[in-house]
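Below is one structure, written out as structure tokens, with a few remarks after it.
All chains are identified by letter, namely A, B, C and D, in their written order; residue positions are counted from 1 within each chain.
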Amino acid sequence: MIGKLKAGLIVGLIVFLLFCATPPQTPTPQPQMPEIKIGVLVPKTGEFSSAGLVMENAAKLAEKHAKEMGYNVKVIIYDCGDKPETTKTAFLSLVREGVTAIVGTYSSPQAMTAADTANESKVVFVASVASADLESKVKTGNKYVFRNAYNTSYWGILAIEFLEKTKAKSYYLIGYEPLKTFNLGMFSLIKNSTKAEFRGESWVKSPTVSPEDYKRVAQEVAKKDVEVIIVGDPGLGSVDFVREYRLAGGNATIYSVGGTLALPDILAKLNISGIAFQAAALEVKAKTNLTKKYFEDYRKYYGTEANNYAGILTYDAILIVTQAAARGGDLISNLERGTFIGAAGVYEFDENHQAKWGSEKLQGTIGIYREGKIQVVS
Amino acid sequence: MISLFFSALIYASLALCVLLSYRVAKVVNLSFGSIFTLGGYLSVFSLFITPIFGAWIGLLLHIGSKRMDASKATIFSLGIAIAIEEALRILFRVENILLDSRIFYFFGYKLVFEHFLASMISATFLILFLAFELKKPFSRLKLKVIEEDIENAELYGIDAEKARAIVLVISSAFFCSIGGLYLSGRVISPTIGWLYMIFSLFIATIANVFREKAYILLLPTSFGVCWLV
Amino acid sequence: MVKLLEAVEISLTMNSKKILDSVNLCFDRGINLIAGPNGSGKTTLLKILAGLLRPSSGKILLDGLDITMKKAHERVKLGIIMAPERMKLPLSLTVDENLRFCDRNRAYEYFPELKKISEKKARDLSGGERQMVILARAFAKNSKYLLLDEPFQGLHEKIKERIIKLLEEEGRKRGILVVTHDELEKIFSMSDYICVLTNGKLLYAGEKEGGEKILKKFFI
Amino acid sequence: MLVSIAIRILVLVLLILPVFLDCYTKLLAASALTLAIFTVSWLYLEKDLGWASLGHSIPFGVSAYLFAINPLLLFFSPLTTFLLFPLSIFGKHTFPFASFVFSVFLWYLAHHIVFEGKGGEEGFRAPSINLDLIYLISVTILILSCLLIWKISNSYFGLKVKAVRDDEIAAKAIGINSLPFKVFGFAISCSLASIAGILHAAIFGHVSPGVFSPYFSLFPFVAATIGQGKIWSSILGSYTVVFLSWFLSPYVPEFHYAIYAVALILASYTQSYARSDRSV
């Protein structure tokens, strides 16, 4: 029995070795319109797989729309899992496929690793979701990394905008302890630049340490007289918090920085009024001619509402690379100088290769869920 | 305060299941977490099937590990746990499932009905077990003999294997149905049950320090732990 | 003639080590003695007869009925009771609770001392008292066959004598199998059937007269 | 015999072949290689000392973190022995679970490690070293560690370690003070695991709390189960798990966990993995 097992193992490995030894197929060059190959790193497996599906769908949609626009694009999707290790391996396998540029990844550690790998393998990487500190990479000489998603400070800027638009007089901050570094940066920005009165902050412990801690915080905050609560945890726990807060009698508007509470399906099912959230774009507020098309086609092909952050930004990243690559010449300088149309607005990159969010043509959207409908605040 | 009390009830009963399967079935059942999650996913279809599936997995666990010693049975249960988790991941991997919940008024408090139901079931379970523990019927004595030494129990004429099966089936069914109820109103993922299992394991470990009084002191321990963290 | 309890070609191998090697025995009513040096497989044999261990090969018959595949608790119902060695006793139960697993009144009759300590937990008992509880439980349960593993461990001389008397009495009613180092001579003189084990092999099995020499050579 | 020679040759081929292949295969092979060193370190603890750890990611992860925070801290990595060793007070039967639970605890704790405003859930950037260089270093270390273990295992000292494993009380009776031998064995195993952790961090250039996750804590156990507890086959087992999970992940999400489930269930049926049960 064991002998057979071993024999099987050996045979399997020999097959694997043969597989490795076969020379990579060389692509046949197309004489007329060169094909633009774009690699997409999507977390199909692991913690972020639900976001991964949306990104995958959006990437396929981007390929289709780009082709309709007349570009010869091929999108190659690879699973990058939920770890930096898997991301690096996936990145290199895309490089092996001979892609022009790579977009995607989900979490910050993944984006950081992908940025380093991009520099090593000299392939452009556009981070479409993560908010990690990629600007410092560019400053230290890594020219291959770009980001069309917004950076940490823009999350804070949008929250401040919300407080001003709704003329809220007071606000309260709810942080998530495992995301403390991330939350603190955003919170200090909010505290420094809003006129609304700061009524305090609470931190929810990780559910692993204390699965019921969100209840304590929710009940504590429900007693406070405050107009807006800003929730810094975009994870699954935010839903628990919101429900518990309303059960405990709290009626302040809840402002979430995105994540779970920005998903249309979840909002509709949760059906709790007064949840505001930030998004890259919303269907009800068309920014370019692609916005409506994106949301409509997404619904048409996949049968669900489009996720408005991870999906739309991946979609845009692919379109950006397509437009830049089609111009010919050096991709990096094309990206640095050009303007690109996406579903969330018109993109331009600053000297740190960060998309200029907050500029006239590229702004985040804030929506609020009220009585079964999503309304646009700004 | 009242929700704290209800949570404490639920964790106490979950810890009771952990403790019983450790003492009677001689296994640190690491698959409880996945069974809890499974309950959550099954409640999408129907709450009534949760105990059936739970019981079925408990039986599977019993049959699979009945000839093993404690450490091997525990490793076996870890394998089962990962297998269930993986199955859930394959079946539901890409969906953000938010389970339904209903609102319920209890003496002026707004509560989630399913959570309330879960704590009532837990309370009943705890009271029944407490009565069983304090009144000491003959079957409780049998259980005590098994807890101390399975070999001895067999010599006393007790069918230890049957008792083991019953404990594993009931505790798994209980975990599964509480999972179905307690996860309602939440967005679930295939790994969510680990939190509840580790927390109840923690309570059970503390209670286990009291040895023979452990079962009686489970509720106060659970209450204390919930209050402290 | 069908014997009360028979072991046919019993072998046991654990971790590729032979612990018992085709042992053939047949016990009947009366006192039966198993003797042998430490590690010869006496207790293992007893455990196999009680159903705590399953032999690698061989059969066990009770009244001609094959009970090899029966578990210990099933054998208890069929009438095989074992009193384990090393004071194995559920310690969290009181004496009285322990005796609920047998005929309580009879148990107190055999060992009236236990009545005084009936509400004490087994944990708080002395070694001798614990051994008494074990024996009381074994004797006071109706059975066809009684397996005793080192019954005299930790007991007072007076009580030892009482037990020997008890053995004599009970030996007329049922089969008793004793494994012991203590009081070997006395038990030997009482017993009807003797077997001697060394290194898992049967050195002798049969009437007392034939076994005397072997036993004396080795132990007494 | 033939099979064992074939396995050795296969391992050597697997070690040499990636040198001539592209960057991607080399990375995958390097990753499998560090995990093979990790498995070897685990196997030493299990075979020669009789302690089956399900939390071997503790020395692995802590050293990776130390290295990422400051490369000079790597000299402290042998001290990770004193994180794992104290768990041995739980006894051989409880040790696997105690170490597993401790590794899970560290996994959550790692989310809170912040140093100079960096870290947390994002983890740290580790000094990244040229892949070719690190691959050669890894190969050398794997071979050296196999030699080291073989040497120690057969030395007079190693025999005493084994005597302690088989029966601590008996070893004490013949005049062996068990404590230094246990500490020594743990130190060897933890240092090797530390080296594996550091190499892992250097290859991927990043350390995140995931290094304490069950993927790593259960990895050597699973690889050794596939390898039937023999060093060369277990190295092959590590390669198998890494390659299989990588190639099958697109079809079965997180395929390595499926392998883990099967290995754990099978391991609980076979006698061959944990000496802790045999040395009563």
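Quick note on the criterion: contacts are C-beta pairs under 8 Å (C-beta built on N, C-alpha and C of every residue); 3 or more make two chains touch, one makes a residue touch a chain.
If you're wondering where the values come from, they're calculated on a predicted model, not measured in any experiment.
Trainee: With chain centres set to the mean of the C-alpha atoms, which chain is at the far end from subunit B?
Mentor: Centre of mass proxy via C-alpha means gives C as farthest from subunit B.
Trainee: Calculate how many whole Å lie between the centre of subunit A and the centre of subunit C, each centre taken as the average of the chain's C-alpha atoms.
Mentor: 74
Trainee: How many angstrom between the C-alpha centroids of subunit D and subunit B?
Mentor: 33
Trainee: With centres defined as the mean C-alpha position, give me the subunit A-subunit B separation in Å.
Mentor: 37
Trainee: As a quick test, compute the distance in whole Å between the mean CA positions of subunit C and subunit D.
Mentor: Between these chains, centre-to-centre, one finds 49 Å.
Trainee: So which bits of subunit B are touching at least two other chains?
Mentor: 89, 93, 198
Trainee: Tell me, which residues of subunit D touch at least two other chains?
Mentor: Within subunit D, residues 253-254 contact more than one other chain.
Trainee: Mind pulling the subunit C residues that touch 2 or more other chains?
Mentor: Correct list: empty.
Trainee: Pairs of chains that touch, anyone?
Mentor: So the chains that touch one another pair up as A-B, A-D, B-C, B-D.
Trainee: Would you tell me which residues of subunit D are touching subunit A in their complex?
Mentor: My answer: residues 3, 6-7, 10, 13-14, 17, 21-25, 27-28, 31, 108, 111-112, 114, 117-123, 125, 128, 200, 204-206, 208, 210, 215, 226, 228, 233, 236, 239-240, 243, 246, 249-250, 253-254.
Trainee: Within the complex, which stretch of subunit B touches subunit C?
Mentor: Listed in rising order, the residues are 136, 138, 141, 144-145, 147-149, 151-161, 212.
Trainee: Mind listing the subunit A positions that touch subunit D in their complex?
Mentor: Within the complex, subunit A touches subunit D at residues 2-3, 6-7, 9-10, 12-14, 16-17, 20-21, 24, 44-46, 49, 79, 81-86, 88-89, 92-93, 95-96, 107-109, 112-113, 116-117, 120-121, 132, 177-182, 206, 208-209.
Trainee: Taking the touch rule as given, give the residues of subunit B at its contact with subunit A in the complex, in rising order.
Mentor: Touch list, subunit B to subunit A: 3-4, 7, 89, 93-96, 98, 100-101, 103, 110-112, 185-189, 191-192, 194-196, 198-199, 226, 229.
Trainee: Quick one: which bits of subunit A touch subunit B in the complex? Just the residue numbers, please.
Mentor: Its residues touching subunit B are 45, 47, 49-50, 52-53, 205, 207-213, 215-216, 219, 236, 239-240, 243, 247-249, 260, 263, 265-266, 269-270.
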